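You will see subunit A twice below: alongside subunit B first, and alongside subunit C after that.
Our next item is the complex of A and B:
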């Protein structure tokens, strides 16, 4: 704990109005306008989704990938509070903040994609809810996790606005929410994989792992959590002109590498066992994207194999970016590229759909910048001297 | 071989047939004409040449009715129902005349231990001579505890009864390849009779199968003393040798490019091809399109009454593929000069593709630049760390 005091979080301060934040704001505003149009004129007016592809990138990217990329908070809480690795404590709050925005926006994105969005509350209502459905589990679990994360993160607000009594009382209860914050994501991140089980042979054999899908999705969600922590720590160090946190990230990447090795082994064994590997050598788009996805997992496995490589900030960052791309491709491939509903059906996101997704990412980054400048999130440190 | 025997038989049989027909007709209390119609229908189902109905009539008259033990496992009794509830009034009478149904859980009068005793007695009395018919899949998961009759597990019963049977027939898709109970994730481990016994058996898949396919198989056994020729899946070739699509009454619409696009639209009302509504006829082997179902007329099969075939006889199609997903054209594709069967649906715009490529490119470029800068910092720090 003594060690952690040196890294007590503090607001960064500084101006909120920079060319970069203005650009992010503009992109968010464009997404907002498109969404307003979508709510008045319906999904067909904005998106390219159709009877063959009842979902598009708003589900595959914004919800499925978005929530997986937001697993940093889950993974750090798991390491620090469950496995008691106190040395990673400075990474918890920034990771949690990114997760908070990632998940909140993933949850909100579901509503964008619902045809009759005004009925969204049905899934929570006892008379309507179908408690045996995987979709129900995902919806309730993600909603609960969003609430839990806001509570987990609330000490940062309470510190800022000086509600010391409330914070002291909350601190005593916080262990309960932290435990929930580790349990809930492991439930719904695996269920996001289970969603594909019932699509059976409509999912290309390269991604239809059946009962292993929940394991594969959970493992990659944890991997993405590690990768995102490395990615964000590196970006905020360079972006805000702070010293690099490589010393903390190196041991973190060692754990990540072990998990990555077991994931790649599991994925390949599953493909061999199901006899699906042959389809990877066919001349199809599916096979092409499969190899791109696998490369994104195998290259970091090779580059981070030695301890000296893990001490290099640039190799860590590259590996993290590749892993994020790999986890993203696994999900996009499973939900869109490898999803076949019959001859003649096509889907490619429309320009408007893409701009909404871009706007949501921009809004996440913008909100992150505002929060770290105004609230105690990042560990206090002197700007790096260059 | 059967055909050769038929030719020899046919000459002398003409007179005897009339006699045999009268005997059976009297026994069943139906008229002679109806009985001969049954024989002719069975011969047609089997694809036998003219004169075969005479041999069948003779066999039905003379044959000592084989003892049949009929087991029910994971099923809905639809196969039994389709045999018994046929519109034609004499069909069920004929079945019960052709065979001696010694054990059938839903039809026998006996109940409880009495019923089980009847099964044991029949097995003992007709050892090595009875026909075993299995209806329903057999759960094998967790030692097969998910289906029990009279305290005995299905998996034990089927093995016990099959040991001394002269022939084993699996009726319905469940017994033939697992059927509906074996749909993923198959919680009970529902398996086919062939898988449980570890040897091929004659299968009559369908949900339910056409009763004539079962009856013709049994009558073949009676007439020629052997089961009919089967394919590699144990299906009698006379019934499952062709794809439904080949002889479908709506085939001409398929070739002409006239399709029903949704239920109740103009094409649907006019009886156009149901391919685009997901008809699995082009990938399902069965004789539904040639033999009227349930003896109730030619419109009494799914495609006849306007619903796409779901491929119930075919493993990997029925209960596996979504009902309205378009079928794979197995072993055939329409000639290039015919109207296309695939409509291109859904959009992909060049502008969106370009935008996505630009976004991906910017992200990749940004990451590469940052990695390069970090690499420079690494290089600066490396000598410093070594110095420490």
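Our next item is the complex of A and C:
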């Protein structure tokens, strides 16, 4: 590859003040105000959660979906450094940055949802920490991964802030942090599924896969990682006026397709094995959302089946969006739609609750834009249009 | 990519996974056993007259605020467990409600409070040991000073027992702790103490099981003596008519067993009690966790394999241009 040096990451530059960034800032501020209110008047003052649905979207979306959507960095590191697929290297840094913000925000938003948040450190404290709890594993592992990701990403800004020595030393050890950065998300992404095991029959059979839950959640987290990389690469190409990266994305999507095929097979076999598939044909909301979820996986399986289809940027993008929706639905369905705790309980997020989630997403995008403009993240390339 | 590296990595990874799998049978965990001096309650639905003296006594003993469900807020009228209510009496009603303890055109009462499971989901779920099961008495207690308010216990409990105070800036979990705070004064569960018919009875699980066996041998419709208050305490027994019991004792097998056991004349699902498998979900969840993470063997082995491979593939940043251009 002769044009290899063009791939070295460089700051994008450009103005930080645009109508879009202002909108993102405003949305983040609104979430901030709602959260201030929540801390003074309790969770019930802004959310619709109740004893029948003690976990709302702040858990199911902000943490469970949010961290899964942030698996791009994990998947790219796995591909490039473990499977040694060097050609995807340009995708690593931007994916890692998105993961960094996704996970950091998912981690921070846990605090918003914790009723007795000032005791949060108990999770890590011997004497309090309860190692049999799936929640313990998730919390420790996500926290560790956030730290590891900042270390993994630090070469991008260490040089800029004049810490060249630290950077050089870190470079020598980076392989270990990269290995950790592959292990930790495998652990907690699977455990996010394991969280549902203890809910037993309170989870609708369509989503109560028992011992297979960790496998199902891990496979879809990796799928989401692929999808998000395609999604972000396409968006930042158009958004920042850079050439499309279809050449890299096409072979990437081939690997993704293989994984998708095995996931769909496993999901269906599990339902058959447990005799749960019948409930998918009942006239229930659960069955409806199950089919929407499954469609989001099966449609990309069909549309990306051929190599020629995988060369189409629009088909890739559509498939990525569908897969993101599918992974999101699997999680929302498992934690909310399929959570049945007895008659008489209802949950739908309140407006304020939704605005906090929207605000967190807005803040994530805002931070991403600021970082790629100020720090060397995206591969340097001549802008296609500007 | 060099095939050799990949091959070696696969071998290492495979070995790691095999280690994890091999540790599986050793880590599998069955239901926990009933503690030696387990304490509990017996609720006999056929004796309950629905007076709700237990609800009022529970509020007083645990210093809980009243809760209103009527327009005129004259007295405490909770409809369900909540952040303010640890014990509640509910009614099953059908048709004309002519006869007590009958499914058709009948009615029956049920008590809702913590079941004090032998293998509780809340204790297994809690990441910070705020929910604990006493190793001797088996009473499931809650420590708000440890609690982080994640509500995993609320979501995990199949009986819907732990509740949360969503309306508070400083919230906490509310659940029955079998009045353990009253033990030091020689008192016991307030609900059993005040129950005028002995429908709620306090005692060791061993005594409760004996009492259940005795009641099942009694002839329905005949008179018999029924203890009140505490089994093994001062005799407060009185004569009453024997109810028509179902064979099923709720809590004997369900979910690995519970320390509140129940007798009834109508099926328990009518009383709002779920049909649960004999294996506790905690046993399942912990078997899974211990298989994957027992002794951290599998994670460390996988990390070793990953580090080995990453070490070969990660090139320091400065050389990157050349390395990835080959």
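Definition applied: the second predicted complex is superposed on the first by the 380 of 386 C-alpha atoms of A that agree within 3 Å, B and C clash if a C-alpha of one lies under 4 Å from a C-alpha of the other, contacts with A are read in each partner's own complex, and residues count from 1 in each chain.
Here is the rule we use: a contact is a pair of C-beta atoms (placed from the backbone, for glycine too) under 8 Å apart; a residue touches a chain by one contact, two chains touch by 3 or more.
Since the model is a prediction, treat every value here as computed from it, not as a measurement.
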item: Simultaneous placement of subunit C and subunit B on subunit A, clash or fit; value: clash
item: Contacts of A:37 with subunit B and subunit C, given as first, second, both or neither; value: neither
item: Contacts of A:273 with subunit B and subunit C, given as first, second, both or neither; value: neither
item: Partner chain in contact with A:291 - subunit B first, subunit C second, else both or neither; value: neither
item: First, second, both or neither for A:136, with subunit B first and subunit C second; value: second
item: Partner chain(s) touched by A:182 [first = subunit B, second = subunit C, both, neither]; value: second
item: First (subunit B), second (subunit C), both or neither touched by A:120; value: second
item: Contacts of A:20 with subunit B and subunit C, given as first, second, both or neither; value: neither
item: Touched partner set for A:52, first subunit B, second subunit C, both or neither; value: both
item: Touching partner for A:281 - first (subunit B), second (subunit C), both, neither; value: neither
item: Subunit B or subunit C, by number of subunit A residues touched; value: C
item: Clash with subunit B, by subunit C stretch, listed 80-88, 170-178 or 296-304; value: 80-88
item: Subunit A positions touched by subunit B in one structure and by subunit C in the second; value: 50-52, 197, 200-202, 210-211, 341-342
item: Interface residues, subunit C side, partner subunit A - complex; value: 1-2, 5-6, 9, 81-83, 121, 124-129, 144-152, 154-156, 158, 160, 163-172, 272, 274, 276-277, 281-282, 284-286, 288-290, 292-293, 299, 302-303, 306-307, 309-314, 316-318, 320-321, 323-325
item: Complex contact set, residues of subunit B against subunit A; value: 184-185, 320-322, 325-326, 342-349, 351-353, 355-356, 359, 367, 370-375, 377-378
item: Sites on subunit A touched by subunit B in the complex; value: 48, 50-53, 197, 200-202, 210-211, 234-235, 238, 244, 312-315, 317-318, 321, 341-351, 353-355, 358
item: Parts of subunit A lying in touch with subunit C, wherever the complex brings them together; value: 1-2, 4-5, 7-8, 39-45, 47, 49-52, 54-55, 80-87, 89, 113-117, 119-120, 122-123, 127-130, 132-137, 139, 155, 167, 171-172, 174-176, 178-180, 182-183, 186-187, 190, 194-195, 197-202, 210-211, 214, 339, 341-342
